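Let me begin by handing over the structure; questions about it come next.
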Amino acid sequence: MSVLEVRNLTKRFGSLVAVHDISLTVAPGELRAVIGPNGAGKTSFFNLVSGFFAPSAGSILFDGADITGVPAHRRVGLGMARTFQITEIFPELTIFENIRIVTEVAAGYRLRPWLNRSEMAELRHRIEETMALAALSGKADRVVGEMAHGDQRAAEIAMALALKPHLLLLDEPTAGMGDQETYEITQLIRRLHKAGHLTIILIEHDMRVVFHLADRITVLDQGRLLAEGTPQEIAANEAVQTAYLGQAA
Amino acid sequence: MTADQRKHLAVLAAIWAALLFAPYWMPLFGGYTALGSRVLVLGLGAMSLNFLLGFTGVLSFGHAAWFGLGAYACGLALKHIALSTPLGLLAGTLVGGVAGALLGTLLVRRRGIYFAMVTIAFGQVFYYIAFQWLSLTGGDDGLRGFARQPLHFGLFQIDLLHNDIYFYYFVLFCFAIAVGLMAFILRSPFGRTMIAIRENERRARFLGIPVELHIWIAFALSCFFMAFAGSLYALLNNFADPRMLHYSLSGDFVIMAVMGGMRTFWGPLLGAIVFVVLQDYISSVTVNWMSFIGLLIVLVVLFFPRGFLGMLRPRRAA
Amino acid sequence: MLELIFFNVTNGLIVGAFYALMAIGLSLILNLSGVINFAHGGFLVIGGYLAYVLTPYIGFWGALIVSPLLTAMIGIAVEWLLIRRLYGRDPLYGLLLTFGLAFIIEDGTRQIWGANGLPVSVPAALMSSLSSRFFFITGYRMFMVATVAIVVALLFVLLRYTRVGVRIRAGTLDLETVAALGVNVRALRSFNFAVGIFLAGLAGVLAGGQLGLEPTMGDGLLMPSFIAIIVGGVGSLTGTLVGGLLIGVAAGLTAVVFPSASDAVMYVIMAIVLLVRPRGLFGEEGMLA
């Protein structure tokens, strides 16, 4: 059974068609990259899958169940987590506090007025575990808003991880990063993929990252599905090259 | 205990010491006890608003409605139901709080500037009702004919009406309970979700927080606190009038919170102190106090938006 | 009975036109700049009082044109000096600032001209009624409605067909893109603000002629403007226009059966709209939500 299946997904904004009749399937444990020129509809696609807005047509199945009408916060509970193109974190709080909020919500504590000692200990353990996974352990008390871009991104991914998802949607995780930071984030993603039975869908512009990480690649252009296949197949695909003509890789 | 925590405790101790001994040091500065009670009550109002505004990031500009509702309900209870101060307080808090919770369901569907507009409009509904429903509320003249009753403890009683100092400590006691409850909630997992929503609503939603529900809960809670403050205000003045429902009072609470520091816990109380004292002083000196208050607001917004305590703390942790 | 209904509905339309005029100005400013102009009523008052000052020199018709223009200029000054710094900040600050401004304007007006009512002299030609049967349709009321209709129509033409109007509309939807296209967004906002204030000033002149002037006259019109926007739908000027007329007419109709409740009915309408269609009659999903 596929983790994510999308059928004839379409999204219209008035006369503008952002996503046009896209169908695809992502298998468990796969690392899928979604690429395409600017304006191809990649982020809109993510927004549809994560429930940011509802589709104009088509359906979305998660673990075989139809989630098309399910609101965003419930999809999180079903095991889906995402990051955003512009890093979305809680800027005035520390890394520890950022992850704590997520961990508390994931543990079902969001409406609780207080926690007992053992719950607090358990929580702390999970937070530290998450920070270690994202290689942020030494930076627990730094305020996220003041950190370097790469660390902020890592923090955001850590927050998504703390939700214990089995599908992770990463929207341009290396955007705006220099070579060193890009390398570190790529290593992080690879580590997560190998370690946790995680299915990952990745939007990326940096082709080095894509070819380094992806099991399969989906190419979008102007809201439509242009091509899909292994990295080798896509690299050889002429239509893809034409679409990217003039676009820096 | 870390140095930070020690400092925190010292500050808290200082604040409570100042509040406990207020009737004794205030006269040294030309103050008087009833002014202190007034500052406490309005400060509680500002803190109740800040619970929503500063800690959840939700802009409500009609919060005086719940304050006024509490005041009227308290007065009406004292006037028509029973001569009991605690009952008046309870009635006021419940009526204002429940009304807020109910209407909150309509309000939380929208956010940002639109939400602010709707809260203002809703606030004015109550003002209008208070104004028009002469037989119940006394209209423009206000609700009169009730007074705070002594507290009965079996063998002895405490006269709240004629003894300003006793009343001050009663208000302080109520204030402490409300403030303690607020602090408790803000430090809980739920309180942290409120802060998450303030920091980044979209992120909060994508963490699995049902944002509308949490905002509604925070809204309802702040209405209960607000109504409690309003009830105390009715007891303070032995009087309730439509101005306690008007959006200009809402604006006053907002400016108190902003002036003192919107994202801090004690800021609004500090803002209330400054605002009440200033207003008291200015209105006794000139008839144009309105211009001065207006000017103060404009200056604070332009040059001092983080407020006193906001400036002292460059960042505020959860 | 029919006459009573006719009387009240006509009254309602006139009042509604008035609400619409105020609300449209407020809506313009809200849509493009994201600021709730609490001082809108204050600018109405300024418009009215300026007309009072000018009428002895340039007559009513002169004041009708010059006063709103002057008010708009004051508006631009205010926008430049004060409001401009708040764009991009939390909307709370815009609201607070205009709130404080409203205080200053009201008190200032009271200081200069006193708290008592002042009359605005209106040309005799407008004062006569249409007929003895329809005594309530005075020339002045017709004139008011006609003025509002003309001005609103001109505004819609401006927004639809002129370059600056198109930019304002585009800016309402997506200011970033408009800026990226090289439009001077600051000038655009100032112009937009000025137009909104012009409308408020005009409303002040008209109100002055009908009701006389006093420093608090702006307050009573602020709430109906808010409600007109909420009912009509945030982001839609047509909606605001319809909203204003609707609550005016509703108030008129209610006055037939329940005269004392006619002021309250606009709140009832607002509550219904919020329950049934929270985005307003003409509102777009996701507008400023």
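Residue numbering begins at 1 within each chain, and the chains themselves are lettered A, B and C in the order written.
We adopt the following convention: a contact is a pair of C-beta atoms (placed from the backbone, for glycine too) under 8 Å apart; a residue touches a chain by one contact, two chains touch by 3 or more.
Computed from a prediction, not measured in an experiment: that's the story for all the values here.
Student: Quick one: do these chains touch in a line, a ring, a star, all-to-all (complete), or other?
Tutor: Shape = line; chains linked end to end, path left open.
Student: Among all chains, whose Cα centre is located farthest from the one for chain A?
Tutor: Farthest chain from chain A, going by C-alpha centroids: C.
Student: Chain B to chain C: how many Å between their CA centres?
Tutor: 33
Student: How many Å are there between the centre of chain A and the centre of chain C, using C-alpha atoms for each centre?
Tutor: That pair's centroid distance is 47 Å.
Student: List the centre-to-centre spacing of chain A and chain B in whole Å, with centres computed as mean CA coordinates.
Tutor: Each chain reduced to its C-alpha mean, chain A and chain B end up 42 Å apart.
Student: Could you please specify the touching residues of chain A with respect to chain B in the complex?
Tutor: Going by the criterion above, the answer is residues 50, 71-74, 76-77, 81-82, 84, 88-94, 97, 100-102, 104-106, 109-115, 143, 145, 159, 163.
Student: Which residues of chain B touch chain C once you look at their complex with the stated criterion?
Tutor: For chain B paired with chain C, touching residues are 53, 59, 61, 106, 109-114, 116-118, 120-121, 124-125, 128-129, 132, 251, 254-255, 258, 288, 290-291, 293-298, 300-302, 305.
Student: Name, in rising order, each residue of chain C that touches chain B in their complex.
Tutor: The contact residues of chain C facing chain B are 30, 34, 36, 82, 85-86, 89-93, 95-97, 99-104, 106-108, 111, 223, 226-227, 229-230, 234, 260, 263-264, 267, 270-271, 274-275, 278, 287-289.
Student: Can you name the residues of chain B that touch chain A in the complex?
Tutor: 184-185, 188-190, 192-193, 195-196, 199-200, 202-203, 205-211, 214, 217, 315-318
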